[in-house]
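So, here's a batch of structures to check.
What follows is a pair of complexes built around subunit A, which joins subunit B in one and subunit C in the other.
This part shows the complex of A and B:
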């Protein structure tokens, strides 16, 4: 009898990550395009502006920060991760050696790699925007914080990663076993009821008050939790090819 | 040696029972035709073998392991059907490169030669191929991967007759060059008969026959002769189909239930003839009393 092939899960995951990262590179170009459009739209006003005037004196402040760029990147990560779990991508995975577990792990690694690149794209956008304003604006430009500290970079990475993890988890849940779908739907419903019935019960202030590094650790912890659940659910899921 | 072993395998989708207590064993290095009418449960069974779905009850072992979501099963199995899909960003040449990267026994040169023979442009995208070309490419992809278990679910759908004939030969030649287990489902049994070693016949979610091709064909026989001479004989056995015309009757019966020698039958003017595999499948799976003509009467 023909000898059987022994391939480890690790080998397959590495091959899948290599091909997926190469194939879905257009996701990164879509982030660049979105950020360029956003940069043009907010060129004059920044991520927030305020103004006041008295007599002939008129003062207008425009703040340019990473906040909005980060929000866009996080939403992008969520959508891209959700797309990774769509039927088209899942069926593509079946055309090569793979299991649901290997595909889920590969998707997680691709999201982590893309999150890293998304941070680089974010920073580039930020500096390009700052350069553009410095060259184009005749009004005075007060540079408060041009150097982005490593803790902010880590926070950006962990935030994007967290949203990517949530996208993967959500997509996997709704393709997973019916029991999990029902359980999660009930959980979300109860959560919404709790928020609407007693909004004061959820206090995010202690989290906001944490240092950047602590928030990053918290985000990464939740992301790891989402990734683990994604793998666990994928492990139990059947393939629907219809 | 068995590479697939199923015991009391059942699969339900809601209230629909796709498979019902299927017990079967598939030997290594054979070309086996999985035959059945639409909705017989063939694809469900193949999906369980491939590890894509879990049985509701019963057990299934492929290479002595539970195939569901099993990376070792995936590494030694390829499932080819018309739903095989690849990323929009890959040309056919890229797909072959990807296949070579994943499958250890991949035959790239052979893939190039076969696709060149079929006149398929390697710069094209998978989605741009016509139905027949798509089926041809998918089949080539399955053949050159040289997996120990090659599952081909309706691989010839959409191919023209010439290509179909050629690719039956290609399957046989690949099998001889690199013996492995082929499980093939097809509605073109007559064309495929020459390459099959065994037939596993399914009907309404159950395996109703599993035998070597010759043994399978001998299950039913056709008797024709004067209606008077056949009347007694047919009353004692199960008749699968019967036609009476101008005092002459022709009937399909179970060969194992015929206890009269051919000489005696010949003496009564009854001729015995064998059926081909396709006819045996048709009679074994046709519903009793169902007749398309009755709808129009």
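This part shows the complex of A and C:
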């Protein structure tokens, strides 16, 4: 990086975070729109349904939990993070003083900030959907648990953050050295084959059975790992900037 | 494999399309300034907060959920009922479970019984009791409804009563057709975690076959062609 004045990496990153958070704000509006669409699509059925037949009764439960909204938010975080590393977004980086490393660090902070807002948007969507159900189905409404526990909120944040980190890492890898590109492509391909050919071979039950906070810590640990790798790869590919 | 594809890739592609489209539009359409987007998002969050406050203060569920201890108590009670029933001890047929009594009249000393449960899926146990206090030509049919618990909700009141009447000097007991009930459950948690964690601890559903007791005078012969008594 060439500059007439000596600016520290911290200053550059702060400037970039401010710049990017404002520039990519449409990503958050897309999350709102996506959640509204999925909220309408799942209005009648909720996140899932369960049924039971007892004697002369057929009971059907439409469950409104955070599952679907969280999945949507996580996919959104992955796509947005992936798009952050695309060429169109890298051109935006030229508007402020940047290097690959500083840009990657700034992207990480933006993803963390956006993950936090995504959780708030997620909660809003959930309560708006719940309100719709409460008004439309007054007589069949069962309020099991209205308050979202802090541990669930942390878990949602860490999940969104993790998917964002994975998107960022994947995007950065495909801009990095060819060896890593080939290695990761093979790894993803084998992973996908394994998932689709024998879904039963992946057992997530031991993770699910952990406490919410433990799962959050695990997710955040993996996210930090992904972020570190992102910075490392970005740093390595600094010289091959196009 | 097809399900996984639809569950994962369709939302993925759909979200990607929306994100890309909005990204392009926000650059082209100048009315979508960052300031306006922030105002829009803030308004959405405020709306969510208002929705939460409204549900908290004004929206009350008319369907009570039984606590875990209450479910456990009922489970013990139902076990006792089963035990009494197996020992032909009718002391479990208390006023607490009595739902309805039909006072019926017939002629003569024989009363043929026709039971039609149809496709209702109901499981009713029939019991006959000779009652010296009932005058000749009269029968009392009493329906006992036991707790029906599904996912913490007592559905006893939702079970349709059978249709009981005397026609052509025959006692007809007909169960109504199967009833469909839909509930909309708000549970602000992650269902996938709860489902796996609580499956071993929470009784999912429990019920005991309802009972119909036919009280007749000792002089009456109840004709049961279906072999239900």
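The rule is short, and it goes like this: the second predicted complex is superposed on the first by the 203 of 242 C-alpha atoms of A that agree within 3 Å, B and C clash if a C-alpha of one lies under 4 Å from a C-alpha of the other, contacts with A are read in each partner's own complex, and residues count from 1 in each chain.
One rule holds in what follows: a contact is a pair of C-beta atoms (placed from the backbone, for glycine too) under 8 Å apart; a residue touches a chain by one contact, two chains touch by 3 or more.
What you are looking at is a predicted structure, and each value in this text was computed from that prediction instead of being measured.
Engineer: Which partner does A:127 reach: the first (subunit B), the second (subunit C), both, or neither?
Structural biologist: In the superposition, A:127 contacts subunit C only.
Engineer: A:26 in the overlay: touching subunit B, subunit C, both, or neither? Say first, second, both or neither.
Structural biologist: After superposing on A, A:26 lies in contact with both subunit B and subunit C.
Engineer: Which partner, once the models are overlaid, touches more of subunit A's residues, subunit C or subunit B?
Structural biologist: The larger set of subunit A residues in touch belongs to C.
Engineer: Does the superposition put A:235 against subunit B (first), subunit C (second), both, or neither?
Structural biologist: The first partner, subunit B, only.
Engineer: Does the superposition put A:185 against subunit B (first), subunit C (second), both, or neither?
Structural biologist: Neither: A:185 stays clear of subunit B and subunit C.
Engineer: Considering only touches as defined above, state whether A:155 meets subunit B (first), subunit C (second), both or neither.
Structural biologist: In the superposition, A:155 contacts subunit C only.
Engineer: What residues on subunit A does subunit C touch that subunit B touches too?
Structural biologist: Subunit A residues touching both partners: 23, 26.
Engineer: Once bound in the complex, which stretches of subunit B touch subunit A?
Structural biologist: Touch residues, subunit B against subunit A: 1, 3, 28-29, 47, 51-54, 63, 69-72, 74-76, 79, 81, 83-87, 89-90, 95, 98-99, 101-105, 141, 147-148, 178-180.
Engineer: What does subunit A use to touch subunit C in their complex?
Structural biologist: Per the stated touch rule, the residues are 22-23, 25-30, 32-34, 37-38, 46-48, 50, 52-67, 70-72, 75-76, 79-80, 83, 117, 120-121, 123-128, 130-131, 133-135, 137-149, 152, 155, 195-196, 199, 205, 208-209, 212.
Engineer: Hey, which residues of subunit A end up touching subunit B in the complex?
Structural biologist: Listed in rising order, the residues of subunit A that touch subunit B are 1-2, 4-9, 12, 15, 18-19, 23, 26, 88, 91-92, 94-102, 235, 237-239, 241.
Engineer: What does subunit C use to touch subunit A in their complex?
Structural biologist: Touching subunit A from subunit C are residues 1, 4, 11-12, 14-16, 18-20, 22-23, 25-26, 32, 34, 37-38, 40-41, 44-45, 47-49, 51-52, 54-56, 59-63, 65, 120-123, 148, 150-153, 155, 158-160, 175-194, 196-197, 204-205, 207, 209-210.
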